[in-house]
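Common to both upcoming complexes is subunit A, partnered first by subunit B, then by subunit C.
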Partner chain A sequence: MFEFCADPASLEGASWLACYLTTGKHMNLYWSILTVLSLLLITAPTALLFGFAGASAARSTFMPVRWVGQVYVAIVRGVPDIAFFLFFVIALDQGFEYLRHQVFCPDWAEPIRQGNDFIVCKAAKLPLSTSPQWVHEVYGFMLAVITFAIVFGAFAANVLLGAMRAVPHAQLETAEAYGMHRRQVFWRILVPQMWLYALPGLSNLWVILIKATPLLFLLGVEDIVYWARELGGTKHARYTDYPHGDWRIWYFLGLLVFYLVFTHISERVLAKVNRRLSRGQATVGATP
Partner chain B sequence: MKKLLLTAALMAATSPVLAGDVVRMGTEGAYPPYNFINDKGEVDGMERALGDELCRRAQLTCEWVTNDWDSIIPNLVSGNYDTIIAGMSATAERDQVIDFSEAYIPPEPSAYLAMDAGLDVTKAVIAAQTSTIQAAFVADKGWTLVEFATPEETIAAVRNGEADAVLADSSFLDSHANDGLQFLDRKESIGGGVAIGLRESDGDLRAKFDAAIKSMKADGSLNKLIVEWEVGSTW
Partner chain C sequence: MSCLTTIQDYALRSIGIGKRILPTTDISVCEQFTLIGSGLIWNVYFGVLALLAGFFLACILALGKNSNTAALRRPSEWFIFLFRGSPLFIQFFFAYFAFLALKKAGLVPWLTSAQAGALLVLVFNTAAYSAEIFYGALRAIPKGDVEAADAYGFSGWKKFRRIVWPSMLRLSWSAYTNEAIFLMHATTLVFFSGFPAWQQKGDALYYASYFADKTFNPFVPYPILAAYFILLTLVVIGLFGLVNRRLNKHLPSNQRQKIKLKLNLIR
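Up next is the complex of A and B:
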């Protein structure tokens, strides 16, 4: 990056560090921070949407819909994250490819499952094997968002369900007494008030989501923990211009600081949101 | 990501030319000298040099991807990449799930690295990477085994006393034999040669790689690579 980095062996002290920290490999680390942050920013609202849909379904008066909601929450919450990330994602990917295969290659004669192999025609591959690497990475990222949203959506659904039940029943009855429909009661009385009750649970989920990003590497998306481990590992002069011993502890200390700062900022923001939501609510700790 | 944008820009400019098939080469990127990530953040090592040369000879366009060792076989069979070229020994167990090309590195005995040269491995705690032939070997013998997800962690475990010795390919251990870590005299002959892993249904690709490997063996260029990267004995 800098001109004086041309001969790393002659560097010392601060200039060595400056060159070391700006190698292409470190740039990957910095980019992975952005990847993780954008994943969080996209996943959180998506998961909330899944959660809201799940919770609404689970308390529906129409039995099949209620069952769908309850089964979604029960199954996803019951399966360990790592199993979900290993198997569900591959299944999701294969599901997409299977559908595309049916559309693009109707004349295909060979079976799709050949022993352990999953074979679809070239046009159905997702992404196409001719696509550049960044398309593959964006696709992996997208799968990650969907998987995270489904997993965290199930937890959020449970939180929201509890929050919906926590809204004083008398309020809903009063609304009905005023002649509101069920739907009006839901959207005008229940939903605006439930957030206050949901917030502690949701903020918990957010912090867990922040820390769950190392699961990304299972999907082939290289996250900060992967790069910290890779960069911190022992490097020998044969394989690098910047040899060093096992520095993982320093990289992980850096990660520790990063996550602490990040969760701290989150907590302050959430506290503000909480104050805003409590305004005018007759609950403990609320400001009038 | 920056690399991504750059490739995106390049691809936009040149995409009509690159209409041919791309073979995606899957590797781990954490096992020098076989494969590792260099300072530029690219895949490097003996297998990078070998893979690029094989692709040139087979007239294939190849692209490198890294994947966690643990899930490297499931991702191959589900089609996320087309080959595994990651210092993987051909074993009967793996052969049931995937196919192997002709070996490109001859079978090499695995070695132990320990703090104490007189260690009795049958009574010691042995560290090995998960899902490797070495881990399977130690488990098979009924010795005490601790498994780690990455090769780096197996070395660290011996250094900090969590394990007494690490069992791995000796060419990987070579660069770690310092600061008190030393090779034991005992070696274990396990596994076949190192080969490229392919899907069982990918016979054509396998034939192309087999032919390319044969031609590299014939003209001595494979031996040159093996010597240059010190990954084992020559053919």
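Up next is the complex of A and C:
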């Protein structure tokens, strides 16, 4: 990157470090931080949407919809979230391929599951074997985003359901007395008021979401954990201009600090937002 | 091969007793049930030991954080912040490579194994989360109780042991039950985070993902794993409910703390 990096063997001290930290592979590490951030920015609103749908479904008067909602809300309590992550990535992939298989190759005779194999026709493969590398990476990332959204949607549904229950019942009854029907009560009275009650839970969820991002590594995405392992491993002089021993401990120390700072800043900002929003509200935590 | 011989072969496979080779072809549902259940031994091992050790450490940390002496308060605060503010996954990775470095220096070589090293991380982690819960409960103990204890001449260790500690536990038990459940769930991370599973002796999720890889069918092993964990969760709730009953024994029934399952503490 810098001009003085032309001959790494002659470098020492700070200039060696500057050159070392700006090699092409390290650039990949820095890019993967952007991957994490974009995952957060895409997942948070999607999960909120999933959660809102789940919580509304759990309150539905139509029984099957209510059951779907309640199961969605309840299931994450009993089962480790990592199991969901590992499950959904394969299940979603196979689900998509199965649907495409039904559409593109309707006259395929053989069964899709043959012993230990899952076989769909060539046209149904996702992504197509002919597509370039970046399509594969984007597809993997997209699967990860959907998985995160489903799992955190269930958490968010939990929080939102609690918040909906926390809205004083008298408010809803008053609205009904004024002649609003169910839908109007929901959208005009319940939803605007529930956010205040949901905010502490949702801020908690945001911090949890940040702390869940390293699990991207398990989903096969080349994220910061992947690059930290990759770059930290012992490098011999034969293969690289910057030989070093096993430095993984330092890379992971870096990641540890990165996450500590990230969650700490988030918590402080969210606490401020929380104080600001609850100003003048009739709750215990509110400031006058 | 009947299911009974499968159970004989694989029921204790995760601790190295039984058949060495894992099933590779024609994997039956029975084999998946047995091996995933066998892996659960490790989840229970990590969970129970981390809870036991973490409980005492958490009590000390909570008292430390509540202390007026900065020399006691600061370290406790930092410990809690460090372990609650960073992902458990990264903590595992960092700890593993730190233990590797120690091993190279000739110190505590046994810590690089999951059974010891990962357990240590889990103990510290759950201690930090529980300490925060206990600290909240310490602040919530009714002033009158402590003043009454003072009036009766309680002080020092006796006051803590007879008055403060039981109240703290009673007030925090609901949240602590949740912490125990999520600790059980967190134990599934161990073998995905650098700590090696020697001779394929892994935990429940390790075997579940092994089967998902081999059969390329996630719809059997993961629901089995889910069933086991729901069962484990129910056992935890049952046991903690017993303790909760004992902690609330002296109170009239309308003042007792109920265990509320909340989703406020995952890593």
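What we mean here is this: the second predicted complex is superposed on the first by the 279 of 288 C-alpha atoms of A that agree within 3 Å, B and C clash if a C-alpha of one lies under 4 Å from a C-alpha of the other, contacts with A are read in each partner's own complex, and residues count from 1 in each chain.
One rule holds in what follows: contacts are C-beta pairs under 8 Å (C-beta built on N, C-alpha and C of every residue); 3 or more make two chains touch, one makes a residue touch a chain.
Treat the numbers as computed from the prediction; the structure is a model and nothing was measured.
J.: Do subunit B and subunit C fit side by side on subunit A after the overlay, or clash?
T.: Result for subunit B and subunit C: clash.
J.: Going by the contact rule set out at the top, does A:L172 touch subunit B (first), subunit C (second), both, or neither?
T.: Touch partners of A:L172: none, neither subunit B nor subunit C.
J.: In the superposed arrangement, which partner chain does A:I90 touch: subunit B (first), subunit C (second), both, or neither?
T.: In the superposed model, A:I90 contacts both subunit B and subunit C.
J.: So, does A:L202 touch the first partner subunit B, the second partner subunit C, both, or neither?
T.: neither
J.: With the two complexes superposed on chain A, say which partner A:R113 touches: subunit B (first), subunit C (second), both, or neither.
T.: The second partner, subunit C, only.
J.: Can A:E230 be said to touch subunit B (first), subunit C (second), both, or neither?
T.: first
J.: So, does A:H136 touch the first partner subunit B, the second partner subunit C, both, or neither?
T.: The first partner, subunit B, only.
J.: I'd like to know which partner A:A163 touches here: subunit B for first, subunit C for second, both or neither.
T.: A:A163: touches no partner chain.
J.: Thinking of the overlay built on chain A, is A:K211 touched by subunit B (first), by subunit C (second), by both, or by neither?
T.: In the superposition, A:K211 touches subunit C alone.
J.: Quick check for you: in the superposed arrangement, does A:T240 touch first (subunit B), second (subunit C), both or neither?
T.: First partner only.
J.: Taking the options 9-17, 45-53, 99-107 or 153-161, which segment of subunit B carries the C-alpha atoms that clash with subunit C in the overlay?
T.: Stretch clashing with the third chain: 153-161.
J.: Need the overlap of the two footprints on subunit A, from subunit B and from subunit C, as residue ranges.
T.: Common to the two interfaces on subunit A: residues 86, 90, 94, 115-118, 217-218, 229, 246, 248.
J.: Would you mind writing out the residues of subunit A in touch with subunit C in their complex?
T.: So the residues of subunit A in touch with subunit C come to 75-83, 86-87, 90-91, 94, 113, 115-118, 155, 158-159, 201, 204, 208, 210-215, 217-218, 225, 228-229, 232, 246, 248-249, 252-253, 255-256, 259-260, 263-264.
J.: Can you tell me which positions in subunit C touch subunit A when the two form their complex?
T.: Touch list, subunit C to subunit A: 25-27, 81-82, 85-91, 93-94, 97-98, 100-101, 181, 184-186, 188-189, 192, 205, 208-209, 212, 214-219, 222, 225-226, 229-230, 233, 261, 263-264, 266-267.
J.: Of all residues in subunit A, which touch subunit B in the complex?
T.: 23-25, 27-28, 31, 34-35, 86, 90, 93-94, 97, 114-120, 125, 129-130, 132-134, 136-137, 217-218, 220, 222, 229-230, 233-234, 236, 238-242, 246, 248
J.: In their shared complex, at which residues does subunit B touch subunit A?
T.: Contact set of subunit B toward subunit A: 1-5, 7-8, 10-11, 18-24, 29-30, 32-33, 36-42, 44-45, 63, 65-68, 71, 74-75, 77-80, 82, 97-98, 150, 152, 155-156, 159, 175-176, 199-202.
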